[in-house]
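Right after this note come the structures.
Each of the next two complexes has chain A plus one other chain: chain B in the first, chain C in the second.
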Partner chain A sequence: MSELTLERGLAAFRAEIDAPTAAFFSSCVHCGICAQSCPFYLETGDPKYTPILKLEPLRLIWENEFTLLGKLKGLLGLQRKVTDAMLAEWEELLYDSCSMCGRCSMVCPVGNDLAYMIRKSREGMVQSGHAPEGLISASVRAIKTGSPMGLQWKTLAVQIKHVEDSTGLKVPVDQVGADYLVMLSSMEVINFPEYLEAITKIFDHAGVTWTLSTQCFEATNAGIQIGNKDIAAQLVERVVAAAETLKAPNVISPECGHAFTAIRWEGPNLIGRAYPFRVFHIIEVLEELRVAGRIKTEGKEMDRLSLHDPCNLARKSGVIQQQRNLMDLVADNFVDLKEHGKYQWCCGAGGGVSSNERAEPLKMAAFKRKKAQIEEVAPERMVTMCATCRTQLEEGLEEFNMDIPVVGLTEMIADHLVEKETGS
Partner chain B sequence: MAARKTPEKTLGESLRDHGLSRRGFLKFCAATTSMMALPPSLAPAIAAALETAKRPSVIWLSFQECTGCTESLTRSHAPTLEDLILDFISLDYHHTLQAAAGEAAEEARLQAMEANKGEYLVIVDGSIPGPDANPGFSTVAGHSNYQTLMETVEHAAAVIAVGTCAAFGGIPQAKPNPTGAMSVMDLVKDKPVVNVSGCPPIPMVITGVLAHYLVFGRLPELDSYGRPLAFYGQSIHDRCYRRPFYDRGLFAESFDDEGAKLGWCLYRLGCKGPSTYNACATMKWNDGTSWPIESGHPCLGCSEPSFWDAGGFYEPLSVPLTLRPETLLQAGAVGAVVGGGLAALARKKVKDAAGTRQPVTVEELEQKL
Partner chain C sequence: MSGSMEFLLWTKGPMFDIAMVIFAIGLLARLAEIFLLGRARNYAEPRAGEWPAGLRTMLTRTVADRGTFERAPFNVVVGWIWHLGFLAALLLFVPHIELAKGLFGISWPALPNPVVDFLTAITLLSLVATLVHRLNHPVKRRISTIEDYLVWTVVFMVVLTGYLAYHRMVNPYPLALGMHILSAEILLILLPFTKLTHILTAFIARWYNGAAFGRKGVQS
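And now, the complex of A and B:
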């Protein structure tokens, strides 16, 4: 039976080296600004969490095998080799202390995309058997059961029943030809069922045809988090198959940030072909509906609200203004965090950190950066649009005894919809 | 003979006595403003300040020098500016210009120092044989230059070293420096020293520094060599009207070739413009008539320290490659082929690795749990 070995890992690192990677490593000027952009380094003060150091295994492979200097060093026996022990040591650096938030890529003065290379390094880590247990379990469950949390349709069916009872509306399932196929994350099904209720209300209000799919309801992608394209591709294929069965022209990603990155950006490359549909984040859809005048709201939230931009949505996908327009629709007293949009700070839980129990202390340490940001503007509530961010914000604020509730933007919109006239 | 006191008249009064119109005065103020690289909005402020300024007493000391700096100042073809400047200050001692001679001349210096203690300006041209040198190398009225300098600056408000000899040692200090010549700033450590370097300096730069002192009551902002930034802030090269030829790689190769006739860049004929900081390229000489490079000669770099010993005047600063364009193209082509080959090898390595890559399966992952 085949197994994950160092040789496979090294081959995977080698296969990941491309022109951008070579250019990035050759142009690094060792300025250390990436450290100053990383919440894991800043909140621990430990220099080993400097983003560029996290890439040392990939860099060594590049230097040893792809550069003249590295080869000369090899002839003289001066090469530092990537060993199993080294990869074991780097497991913490590449997984526990990195949420792939991409802030380091943003600030690098020579334009090195560090998050891109972290993603690549994880390919080698998985192949060499050095991925964290939590992420391995999540990946196995995702492939075997369809959900990283082991959730099955029958759980969702119960939530659908609740939503239908409380709204008096039908939640469409397996409707062929609906405009939008809505994908969910297990987290939303279990922890935030109000999300499903909210989109049911909003789409009914706006007259949007949509559906869930029994074939595939989950679009989070453990393969992206652990960093393995085989697992990731299988999970993307399932979404594509479901959309093709229902002939859906549009697919709505779960609110979950990395799921959006997986299905929106990495998906077509993973499966090697273009989608027959378009992919949106729910925030993008809501903004389109707002612009088209299809969302009518009444009343506004009067307390002081601030917004947490999920990294995957804002920094990596450029969805920044949309959520602010939607906030203005329903909030009277909205104040942005000082650094927001593409320069926002990560909540600390993304990129697989929250699925990795071992990383819990680091996750909370990284959250302190967000906490400081929140304290700066002192909102009464925080608003966000990603289940992972939301869970982390809630846990973190509780940990630090800050009485600031966290709400989802989609739910807030749903709360302010103008009631339909009965009988129409 | 009564002690010479700084005249009580203000500059405004003194200038009107000399028949200068208000309009002429304001024109001068505007010129001074732009010359010192100050915003035009300051012109009225300068006018107001100059109008009421008292003329400071100035003692001009000449040491190991050629009088070129004085010539520069006096032979200027900008009569309004330089004549005015002589009215701006009370020039109480100057070998070349003063009428008095012998003991009366020295007496004038001592009286001016006594009467304006702590307030007079000392202008120095020429370098000074240092304290360890033979004092007889250069003397005035039986005193060594070093003695005279130290005695005169003791109660001065500031010292202005005019010309490269005073500022940096200049030609007397050139190797092997037989007189042990030193610059003013080598010797005067406890007074502000402004270096107005150049061999000679541009007259308007001398007057500009004085005007700045009169207007603001302090010395202008200086660069690391103690030179006023307003005049020495940019290199000759950066302001040179021949710069476009340099940028396009068009150089005169000799003084009589086609390039020289067409006015191309003089870099390869030894022009020191890139390493020389001065205002020649913008203010020019002889009332803005021309300047060395415009007349076809490379810049010597006379406003820089050690310019005399900085290699031959006609040797280019550095010419890293005298390759012909074809050679460069060929080298580029060879480089591209080699680089392309290496890139292909690297790509093959990645492809091989990707080709033999085994997909990760759930079973393999489970073994790790």
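And now, the complex of A and C:
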């Protein structure tokens, strides 16, 4: 890659300005309500974390170059310019203290979609050389090895062997014509291998044909977190190529929330064409199977359970009722957190925050909002469906000495499947 | 007296025309500035249409969700009060309706003068409260610019001069009325070039917001 410079950064910011962005900046009245929706502001009390303030570099480019008054100011030499020093200062605001959870976009009284503009701003940050080290290395590993954690197929092959040994079932690999191509995230493979075991059992139970692909098994997208369209598009193309090779009509995103946003909503736009397949989150697929009567369960969890909606799945993708229907299937004592669904609070780790080691203290600070929510309903266990959220909940609850285990919804469904009468 | 009458006639005549022209052309230019930028085509399979969700958000965002209300009750309540008070005084005061009738040939029922008077007083108090809040709340203080204080001053002056003129608290009366009209004209001139454009662009912003969430299956 050629030299990253301020000039390139400014050009990238400029390229991101569109009609919605102009409408948003034209409308801001500096009411500050966005701060009241941001866990990073609320839990630190530092006004520099006010969401609209994080967008100041993008706003300045818009004002200076895309408004009459800004251009007039330019003629008179009155413009405030975006400088390298400014972008260096804003790096913490645009990455460390924003998980792109989109809660501010839901509450802004004039309707500004701030998360949309944070995503855009990051494009300029990358090109000007102001992206965090942790995200740069994750992106480089993703491009070079296919996984942001540098995970190879051989590691997954070992997991597959374990799953096959413990279930007695075959994990289909490179099956041409299977209904579903299942994508994973490295985090799931390493930290939560029970997920692969769970879907193996559920799909066998429901008679779903599915497959993994040796060509591409990773669907998380470091390019989207860091904010680089070229990297993001390249990673999406790999998934598309794998699906095309196997002629899969459906692709299941990893549980990972941002991977779902990446492959479901941003992906087609990154590659500039519609997919020849449809994309689902595993929770959507399970709900469809439940509705079709293809999942038969027995018994229920009897302890008090609550649910963490991943931002990317709920607020940013509209998967809200599905997980509740599935909870009802296997949980007897389920209680929702007070603000949930589209108004849920972020765990604090999304949007690349968890890949950015420097942001660790802020990540834990933001978690306190989730912690307070959890304390309010006092569940015995938390249930979720995103590997990043799950890791953050586990680490956070541990940090605050709260003895509340975190479980994945998919695994919980798998635990309650009715055993088949005849072995397959 | 004659000087004040000349002043009043100037605000009602040439200055009014200048203000209206700048307001209209400025606003059209700003809207063109926004819409000409366009939006990239979206290839992702939508869950729902953009229009119904966008139109809904244009209205629903007027009311804060419960959590936001609980976290920022001052913003929500005082914001509502002064916006409504301002709109009531602007649209439901007899002389203002007369003006609309003269300009556009349409009229509508007015509120009784004492009611408008009361609402105006409330609006003035609320505006002072918003200024105090802006100067004291750490977030608002941090994000406020000179423009915020300039716009506050202009809006406040429009309401204040109206109140003073109605109560004959400034003499001679033509001067009082002229000051009110001039304040309103300054507001009209500044509107297209400041955050005051939100009276129009907020609805565009809300549509884009509602449309973006709506196509993903979430009503924002």
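Please note the rule applied: the second predicted complex is superposed on the first by the 421 of 424 C-alpha atoms of A that agree within 3 Å, B and C clash if a C-alpha of one lies under 4 Å from a C-alpha of the other, contacts with A are read in each partner's own complex, and residues count from 1 in each chain.
Here is the rule we go by: a residue touches a chain if its C-beta (ideal position, glycine included) is under 8 Å from a C-beta of that chain, and two chains touch if they have at least 3 such contacts.
Every value quoted in this text rests on a predicted model; they were computed, and no experiment measured them.
Q: Clash or fit: how do chain B and chain C relate after the overlay on chain A?
A: clash
Q: Looking at the overlay, what does A:Glu65 touch: chain B (first), chain C (second), both, or neither?
A: first
Q: Identify the partner contact of A:Ala22: answer first if only chain B is touched, second if only chain C is, both if each is, neither if none is.
A: both
Q: Using the superposition on chain A described above, determine whether A:Ala11 touches chain B (first), chain C (second), both, or neither.
A: After superposing on A, A:Ala11 lies in contact with chain B but is clear of chain C.
Q: Given the touch rule stated above, what does A:Gly129 touch, chain B (first), chain C (second), both, or neither?
A: first
Q: After superposition on the shared chain, which partner residues are touched by A:Arg381: those of chain B (first), chain C (second), both, or neither?
A: neither
Q: With both complexes superposed on chain A, which partner does A:Arg304 reach: first (chain B), second (chain C), both or neither?
A: In the superposition, A:Arg304 touches no partner, neither chain B nor chain C.
Q: Of the partners chain B and chain C, which touch A:His416 in the superposed model: first, second, both, neither?
A: Touch partners of A:His416: none, neither chain B nor chain C.
Q: Which chain, chain B or chain C, is in touch with more residues of chain A?
A: After superposition, C is the partner touching more of chain A.
Q: Just checking: does A:Gly32 make contact with chain B only, chain C only, both, or neither of them? Give me first, second, both or neither.
A: After superposition on chain A, A:Gly32 lies in contact with chain C alone.
Q: Between 109-117, 181-189 or 199-207, which run of chain C pushes into chain B after the superposition?
A: Here chain C runs into chain B along 109-117, and the other listed stretches stay clear.
Q: Take the contacts of chain A with chain B and those with chain C, and give the residues found in both.
A: Residues 17-18, 22, 66 of chain A touch both chain B and chain C.
Q: Quick check on the complex: what are the chain A residues that touch chain C?
A: Touch list, chain A to chain C: 17-24, 26-33, 35-37, 41-42, 45, 47-48, 50, 52-53, 66-69, 105-113, 116, 264-269, 272-275, 278-279, 314-320, 339, 342-343.
Q: Touching residues of chain B toward chain A in the complex: what are they?
A: Touch residues, chain B against chain A: 346, 349-350, 353-354, 356-369.
Q: Note which residues of chain A are touching chain B in the complex, please.
A: So the residues of chain A touching chain B come out as 1-4, 8, 11-12, 14-15, 17-18, 22, 65-66, 126-127, 129, 131, 133, 136-137, 139-140, 143-144, 228, 230-231.
Q: Across the complex, what residues on chain C touch chain A?
A: 29-30, 33-45, 47, 57-58, 61-62, 64-65, 67-68, 71-72, 75, 79, 134, 137-145, 148, 193, 195, 197-198, 201-210, 212-213, 216-220
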